[in-house]
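In what follows, subunit A forms one complex with subunit B and a second complex with subunit C.
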Partner chain A sequence: MIDTSGLSCPEPVIMVKKAMESGEDSYTVIADNRTAFENITRFAAHQGFGVSGEENDGVYTIRIERNK
Partner chain B sequence: MDNIKLTKLAACAGCGAKVGAGTLSQLLDGLPVIKDEKLLVGFDKSDDAAVYKINDDMALVQTLDFFPPIVDDPWLFGQIAAANAISDVYAMGGEPKLALNIMTVIEAMTREAIHEILRGGYEKAFEAGAIISGGHTINDTEPKYGLSVTGFVHPKKILTNSGARPGDVLILTKPLGIGIITTAAKAGLVPEALTAKINQQMAELNRKSRDNMVNYEVHSCTDVTGFSLIGHCCEMAEGSNATINLMAAGINYHKEALEYASMGMIPAGAYKNRDFAEGRTEISASVSLPLADIMFDPQTSGGLLISVAEKDSQHLLNDLLHHTDAAIIGYVSEAGEKAVVVK
Partner chain C sequence: MESIKSYKKELIIIGICGLLIGLFGALLVKFGNPKNMGFCIACFIRDTAGGLGLHTAAKVQYIRPEIIGLILGAFGISFIRKEFKPRGGSSPITRFVISFFVMVGCLMFLGCPLRMTLRIAGGDLNAIVGLVGFVAGILVGIVFLKRGFSLKRAYPQAPVEGGTMPAIQIVLLILLLAAPAFIYFSTEGPGASHAPIIISLCAGLIVGGMAQVSRLCMVGGIRDFVLFREKKLLFGFIILLAAAFIVNLCLGNFNPGFADQPVAHSDGLWNFMGMLLVGYGSVLLGGCPLRQLILSGEGNSDSAVTVLGLLVGAAFCHNFGLASSPDGVTFAGKIGVIIGLCVITVIALAYTKKNRV
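What follows is the complex of A and B.
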C-alpha cells in the first residue's frame, strides 16, 4: 500500500515511481485529491500497468497491475 | 537564499496558483457593477485589463498580476512575474508606462533574495519602457511578487478578448507546456537546457509581438496564462459569440511536454481548466490525451493569442517568426454548439 495523502504533485507520482522500482507486479495506492489520482493513473499506464480506481468521500483507491 | 529553494516555499507555482475561471465567475457574481461610459472595458467580459477613456485619443489600461515563485532564482522570478503582469497591457494592444510592485515575503528569505526579485522586476519593467514608482510589501506564509501596471492605448485601437470574427485566423506567439515542464522539473526529470529555454521564454516580454500585431487588422487578443489555451479560447469565443476551431496538428508546444504529460506530470490547475471547459469544448477522439493535457496546461507568462483577419495572418506570422516560435493554431467560425472545437 502506497499512501500519497497530503502530498501535492508531482510527489505522489514520484512515490509510485520509486515503489515500482521494487519490481512488483501490483500495487494499491491511496490518493486524497483528483490531481494525484489522474496523474498516477497516467503514469501507471505509461509504465505498462493496467489501472483501476474508485473514489469514496474524496479518497481515491487506485489498483495498479502490470500488464501481462 | 542559496540554501532555500524559492519554489519549495510555495504550494502552487506561477499562474497555476490562479483561482479557476469557474470559481472566479462565481466569486464575482452579484457584485455591484457601476456603469460609466468612460469605462470601455470592465470585468463583465473577463478581459485582461480594465480600460478607461481619458479623451478621444487616449485611454488608460490598468491591470494587476502576481503569483508565487515558479523558479528558484529570485532575479529570474522577478523578471518572469513582471513580464507576466506587463503582458496584460500588451494583450489589450496598449503600451505600459507606470508600474507598482506588489510583494509578499517570508522570514526565511534573505534581504539579498528580496532585493534580487525586485531587481528582476525593475529591469523587466525598464525593458518594457515602464517605470516602477513604488509598491507595497507585506509578510505572508509564502513569497509572491508581481506588478500593478498602467499603460495607454488609443480608444479606437483597444484589443479586447471579445472581438474575434468568423473567418479570422488564430496565432499563438509562445509554445505551450510551461506548467507541465515546471511540474516535471520538480520531479527532477527536466534537463538543464530545457529549463533554461522555458525560463527564457517566460521572462520574454510580449512587447515585440504587440508591436507587430498593431500593424495589421487584428480583431481580438488575449494572453494565454493560468486558464490555459482552451480556457482562454472559451472566453474569447463566448465573448465574441463565435466558435474557435483549434487544429491539434498546428499547435505550438514544447515537444518534451508530451512525454511529461503522459507520465502524469500535470499541475492541478490543468484539471481545473478541464472542468471549466467541460461542456463548452469538443475534443476529437483523434487528439491524444497528453496533447489535450497540454492544451489545458496553465501557462505562466504565456504568449499572445491573436485573432487576425485571414488576409493579414501570414504577414503577421512572418513578422512574429523573427523573434518568436509563433504558429497558426486555428480559426474562428460562426457560433456553433460548442465554444471551442479541437480537431
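What follows is the complex of A and C.
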C-alpha cells in the first residue's frame, strides 16, 4: 500500500515509480486529489501496467497490476 | 469505478490551454499590456505589491486584474468540478522562503517562466539564455527529488482556510475598481501599460479555469519529461510558445535579437543565474508561479502562502534595489540571487533523505 495523500507534485508518481522498481506484481495506491490520481494512472498505464481506480469521499484508491 | 481519462483527451485539453494562453499572452499586449508581457505572474504580483504600496517603485504599481482572474477562474472551475479542496500544512514557512527567492530570481531575469516563454515567442534571445538556466535549475531540483526531497504532507483544512485567497482577490478587485487614494497607479513605465480591466480580468478568468482543468505548469513540463518521459505538460508548453509566436508574427511583434528587447536586459550570466534560481526553487515548491496561483484558487493554502512569499519577495526586491531593469542588473540583485541559491540548497538538503516519507 502506497499512501501519497497530501504530497506535492511529482512525489506521488516518484513513490509509485520506486515501488515498481522493486519488481512486485501489484500495488494499491491511495491519492487524495484528482491531479495525483491522473498522474499516477497515466504513468502506470504508460509503463505497461493494468490500472483501475475508484473514488470514495475524495479518496482515490488505485490498483496497479503488472500485465502478464 | 473512477474513469481514467484517455491520454488523447488530456493532450487535447492541455493543447487548447496552451493555445489560449499563447493567444491571450500575445493579444493582451495588443490591448495595452507591456510588450512580451501579456502574462507574467512575477511582474504582475510585483505590480500588485506596488499598487498596494508595499514598495514605492513608481513605474511598477498597478493591481493586475489578470492575477485576480487567474485565482478566481481556478476557484470557480475547481468548485464546479468538485476539486476545490481546502488543504495545507506542508512546511508553509519553508515554502514562503523558497518562493521569496524564486521572486528574486524572476526579477533578476525580469519575468516568470511564463513570461520567459512569451519573451522567446517575441524574439527576445536573452530569454533563451534564461531558458537554459531554467532547465539547469530544474535538473538540480530533480537531483534532490530523486533522493527523497519532500516538504512533507498537507492535510485537509476548514473551508475558510481554502476560501481566503479567492476572497482576498474579490477585495483586490474592489480596490482596483474603487481606486481609493491609498492605492497606487503608475502614471508611466510598465505599470502604466495595461489592457482595459474587463479584458485583463476575463483573460485571467478563462486562462485560470483552463489551467485548473489542464494542470498546465511551466516547470512540470520539463521536470516530468526528465523524470518519467511524460510529455503532457511539455506539450502544453510547446503549444503555448508556438501560439504566441504565430500571433506575434501576425501583429508585427516578433523582433529577434539580444539588444533593446522590451522590459529586458542583455546580461547573459545573470539572465542564466536568475532563471536557475527560479527553476530550482519551483521544482522544490512542486510547480511554477502560475501553477501556485491556480492551486491557491483550488483551496491549497500552502500555495497561497507561496503566492504571499512571491508578493513579499517582490516588495523586498524593489525596496532594496535587487530588481533588474532594462538598464541592467544591480549588485544587490546578484548578491540576492547567490544568497537565494545557498538558502534553497540548505533547504533542499534539510528536507532530503532523513525526512523521507
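As a convention for this text, the second predicted complex is superposed on the first by the 68 of 68 C-alpha atoms of A that agree within 3 Å, B and C clash if a C-alpha of one lies under 4 Å from a C-alpha of the other, contacts with A are read in each partner's own complex, and residues count from 1 in each chain.
In this section, contacts are C-beta pairs under 8 Å (C-beta built on N, C-alpha and C of every residue); 3 or more make two chains touch, one makes a residue touch a chain.
Values in this document were obtained by computation on a predicted structure and should not be read as measured data.
Overlap between subunit B and subunit C is detected when the two structures are superposed via subunit A.
Once chain A of one complex is fitted onto chain A of the other, the partner contacts of A:V51 are limited to subunit C, with no touch recorded for subunit B. In the superposed pair of complexes, A:S5 makes contact with subunit C only, with no contact to subunit B.
The partner that reaches more residues of subunit A, of the two candidates subunit B and subunit C, is C.
Contact with subunit C, but none with subunit B, is seen for A:Y60 once the two complexes are overlaid on the shared chain. After overlaying the two complexes on the shared chain, residue contacts for A:F43 are found with subunit B and with subunit C alike.
In this superposition on chain A, the options for subunit C are 81-89, 99-107 or 171-179, and subunit B clashes with just 99-107. Comparing the two complexes, residues 8-10, 13-14, 33-35, 38, 41-43, 46 of subunit A contact subunit B in one case and subunit C in the other.
Of all residues in subunit A, only 5-11, 13-15, 17, 32-35, 37-38, 41-43, 45-46, 51-55, 58, 60 touch subunit C in the complex they form. Every residue of subunit B that touches subunit A in the complex is listed here, in rising order: 11, 183-184, 186-187, 261-268, 271, 289-290.
By the touch criterion given at the top, residues 1-2, 4-5, 7, 10, 81, 83, 85, 87, 89-90, 145-146, 150-155, 215, 217, 220, 223-224, 227-230, 232, 285-287, 302, 357 of subunit C touch subunit A in their complex. Within the complex, the subunit A residues that touch subunit B are 8-10, 13-14, 33-35, 38-43, 46.
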